[in-house]
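Each of the next two complexes has chain A plus one more chain, namely chain B in the first and chain C in the second.
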Partner chain A sequence: MVGAKEEVELNRLENQVDNGGSGVWEYLCLVSKLKIRRSDKVLKHGLSILNDPKKRSKLGPEEWTLYEQVAVAAMDCQCLDVAKDCIKALQKKFPESRRVGKLEGMLLEAKGLWEDAEKVYSSLLEDSPLDQVIHKRKISMAKAQGNISVAIEGLNKYLEIFMADHDAWRELAEIYVSLQLYKQAAFCYEELILCQPTVPLYHLAYADVLYTLGGSENLQIAKKYYAATIDLTGGKNTRALYGICLCTLALGQQTKGRNKEEKESSELHSLAATALEKDYKYRASDKLSLLTATLRNLKLQS
Partner chain B sequence: MQIKVITLVMGGELKYEIGQNAYIKLVLHALKHKASAVNGVLIGRLIKDEVVEISDAVPLSHSHIGLLPTLEIALIQIEEHFGSQGLSVVGYYHANERFDDLELGNVAKKIGDHIYRYFPQVSVLLLDNKKLESLIKGKDRNPVVQSTIKRNELCFNEPYKGPASYATECDRLQVFIGTVREGFVQPLNCMKLEELSSVSLSLVSIVLYSHYCYEVSSLVPISSCLCSQIFCTSPQGPDFDLLSCTFLLMKQLYTRDLSKNWKQAGSGGSGSLTLKEPSANIVLLDYIVSQKWEGVVDFDDHLDDISKDWLNPDLFK
Partner chain C sequence: MAEDLVLDTAIRDWVLIPLSLVMVLIGILRYFVSKLMRSSQLPTDPKIVKEGQIVVRARNLRASANFIPVKSFRNRRAYFSNELGLAGGVLVVVIVVVIEEEFGKLMENGLLHVPKGQAQNAQAQMFSDPNMAMDMMKKNLSMIIPQTLTFAWVNFFFSGFVAAKIPFPLTQRFRSMLQNGIDLSSVDVSYVSSRSWYFLNLFGLRGLFSLILGEENATDDTQRMMQMSGIGFDPSKSLSAEKDSLDIVQHEWALPKFEQRAEAVLRNLVK
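Presenting the complex of A and B:
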């Protein structure tokens, strides 16, 4: 998950380096920090540094981190020879390293040699049973092979021990959503909101899941979380604004005739609608008529 | 009393034709988000009850595909925009997250079911990654998608050995309408045949094997009506019981969960998909090489930044 500001900076740098400009190392560091998957770019630009001995020596000890980053990117792009070379270089420098061992396992995964990879990971875990990264690799392998139920089981076991791992909670939530297990997904987002209550995207995802689940209680709560998202993002989150409108419509269909609810919700609804209209007028004026029709649609039926 | 092979098929020899822009857009959308599932809707219209012409595609999401808010807002705006041009949502496309996953998942079927309510001839396309890979490696003229349509297919091959009392429970005969799928049939010896033709529905072929063969041949072209009542007074005796038993069974089967009825369309037969422009794959290859996918905007992108246009007006310029 990347905030808007960081994404702008990332795209700016990416554009710059794609067009032959400087800042390659900054770009690669930012990708690594934000944990974004742009493997083809990382491979291309990372190799441009690694293949140039002068540029490589300028990095100093960071050279090895770059080897690791490029190895993973190469595996993602199925350039297994490049990955192998990077791993070899790392093996030479760090002979008994577990971190390099993980890369070896990943290379086996990339080749589709699941059982061999499993062996590598199991032996690494024997030496260090609480290695989070290796545990997650095993879960990823299950998912890659399509054993989703094994992956879910693995993730749940993992989270019993490492319950502060936000990425794991998010992954589990996304898997549940893809299987339409919305209640379980909601639970994951609840955990995330408890851990990091100021991250608006968890509130938003939670609201989306509750809306999908439906039922007046869930819709009421969804509306509250859309409102929380709007609060946390200074009213700039389009999805949350739309979410308010959708919830109001759905609730209206469920609670016909309860005047009090209608009054309260229609105020919030109009505020959201107005905010959307203002934003579209300013930034997407060609779509304003579609927005107006949508809002009309959502109001008429409630 | 035995009933063998009764196959009733809805939707006849409908062909699906996908235009270059729609086809390329959906593949590029999938290529832009290689590490996740993507989906989108197909826009077009039904021509003369014979061909579904898919002229455009609107990419929808590349994350949280199983959640409703984006889908609902997008569908309202898409219908609003394309409705004014006389077009509507005629299909749905999906690309799975994993390379070798060729299964049409439940989320895709659910969305397909939703579109089916408004457009029964909906086609669901699933991207076939292996075909796409072989396209990139060498040239191929066939579309890299697998097409699925909804068939209200009731097919049972087991002999029915139920009690004759079923016949008495059935006072009205309800028949499902479609075209015959296997074999040609002889005309029915049915008294109400003239009435059938005046209802302008296409007919089902019911083949009952017993002492007698009763067959109803296809009389008129397909319409979208699901079923009609045929009062059939066939010759008396055990054959009538046979007919009514069969019909009762079919009624029971019909109320089964229809999401089970997404069937992959074979090539050439009903529901088959063809590329409108035969050179579409060549153009697609060209776009892939020039990494044109970077310019694809889906509804998710629009919701993150409303200045991005999900209509992708400049993609092919």
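Presenting the complex of A and C:
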């Protein structure tokens, strides 16, 4: 998660650096600190430092982390020659390093030599069976090859040991959703909500999954989580607003004519509809007619 | 009699200052040696890592239990702290515990459940893990060897005479602290023997080291003592503590409240 303040700072630095100003190193540091993926910029500016021996020697021991950063960025941009040079330099400096070994594996991955990469990772794991990054690389490799079932198996095995790793839970949840295994995905999203109860995106995703599962109980819960998302985002999340409307409609269809007690919370969806209308009027007035038609279809138009 | 004792300036030049200097240098040397010998402290046992992660996850569950539906919470709690009610009964009937049976029971118990006897005591763990013993030995060696050597050196060259005088009077109780190595009860307590000067340096230079070598790099003897007793820390204890606190958590779903709050938010927005 990147805070708004940091993002402003990052963009300011990026602008400055793009226009040939100083602060390249600060920019690169900030990118790696915030774990942001702007590989093209990192590659361009990082190389400008690395290719200048004077600037490079000024970094001191930080030089090698820069090599690593640029290597990863280069692989991301498919500049495999650059990545190879960086890794070679690192290899010369740190032979037998596990971190460099990881980079080699990634280079093989980038070239599409899955079996070789697998071999590299396996030999690294023999040395240190508890390296989280290598486990994750293996899993993502399975995913990249399309072996979703292998990836799921790997993730489950990984989570058995590192069960407090919420990134892994998130990945697993997304895979399950893509395979339409919603019950399993719901479990993963619950786990994520437990980890970080104030992140609205997890509430939203959980609500989506529950809505898709259907059934009056799930729909009620889904509505509550959409409401939580609205609360946490201050009503700015359009998807959550639509979610409220759809949940209310589905619930109304399920309990048609026999349940009057649902009426008490009926204000929420009309409010959501009004909020949607207002939002559309403000931001996309040309699509307003579409929205009113949709809402009329949902019988929510007041 | 106190006025009669005049200390030679040569004592200052050849005992007091060299002694302090040597102590500082040895402290710095020790720091670098221990840095060289320090092995990477990655935990290598998946079981230990897993236990740590279980505790974190259980703590998360406890802290934000109110954000998930009741059913999900109950499932999770059962998963974490399930305990077989049978266990007591089994113990009475079966005296000879068959190992396979025990293992089977383990599988059905919750993650936080620590079976009796399974909790290794720290001593056994230390001996079962040669790395840990090795680490401790290294630490001890880097601490004890220079200390004994300097102590022997001080004893051999400087023992038995007065090296300094502190500028204020002290009571008799300080005699054993300041005049170690001099068995004269008639000397005023404010005189410091050379051996005592060594001890004062040994314990008093910590602040200086943390200045020179950085805050956490200080070769802090007391901290090391703490660490050594800390090895006796038992992960199974934190597991069972976590289980107990998880058992008493009252689940109160927070989401219904959110509906009203969302309504309020939207009303504000629409206005």
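Just so we're on the same page, the second predicted complex is superposed on the first by the 230 of 302 C-alpha atoms of A that agree within 3 Å, B and C clash if a C-alpha of one lies under 4 Å from a C-alpha of the other, contacts with A are read in each partner's own complex, and residues count from 1 in each chain.
To be clear about the criterion, contacts are C-beta pairs under 8 Å (C-beta built on N, C-alpha and C of every residue); 3 or more make two chains touch, one makes a residue touch a chain.
Here the structure is a predicted model, which means the values were calculated and not measured.
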Joint occupancy of chain A by chain B and chain C, clash or fit: fit
Message: Quick one: is A:180 in contact with chain B, with chain C, with both, or with neither? Answer first, second, both or neither.
response: first
Query: Which partner does A:162 contact after superposing on A: first (chain B), second (chain C), both, neither?
result: second
Message: Touch test for A:267: chain B only (first), chain C only (second), both, or neither?
response: second
- request: Considering only touches as defined above, state whether A:297 meets chain B (first), chain C (second), both or neither.
  value: first
- request: Note down the smallest distance between any C-alpha of chain B and any C-alpha of chain C in the overlay, whole angstrom.
  value: 16
- prompt: Touching chain B and also chain C: which chain A residues?
  reply: none
Field: Complex contacts: residues of chain A adjacent to chain C
entry: 128-130, 160-165, 187, 190, 193-195, 197, 221, 223-228, 230-231, 234-235, 265, 267-268, 271-272, 274-275, 278
Message: Give the list of chain B residues in touch with chain A in this complex.
response: 35, 37, 63-70, 72-73, 76-77, 80-81, 97-98, 100-101, 105-107, 110, 303-304, 306-307, 309
Task: Using the touch definition up top, name the residues of chain A that touch chain B in the complex.
output: 4, 37, 76, 144, 146, 174, 177-180, 182, 205, 208-209, 211-212, 238-239, 242-243, 246, 279-280, 283-284, 286-287, 290-291, 293-294, 297-298
Field: Touch list for chain C against partner chain A, complex
entry: 42-44, 46, 49-50, 53-54, 56-57, 60-61, 64-65, 67-69, 72, 255-256, 258-259, 261-263, 265-270
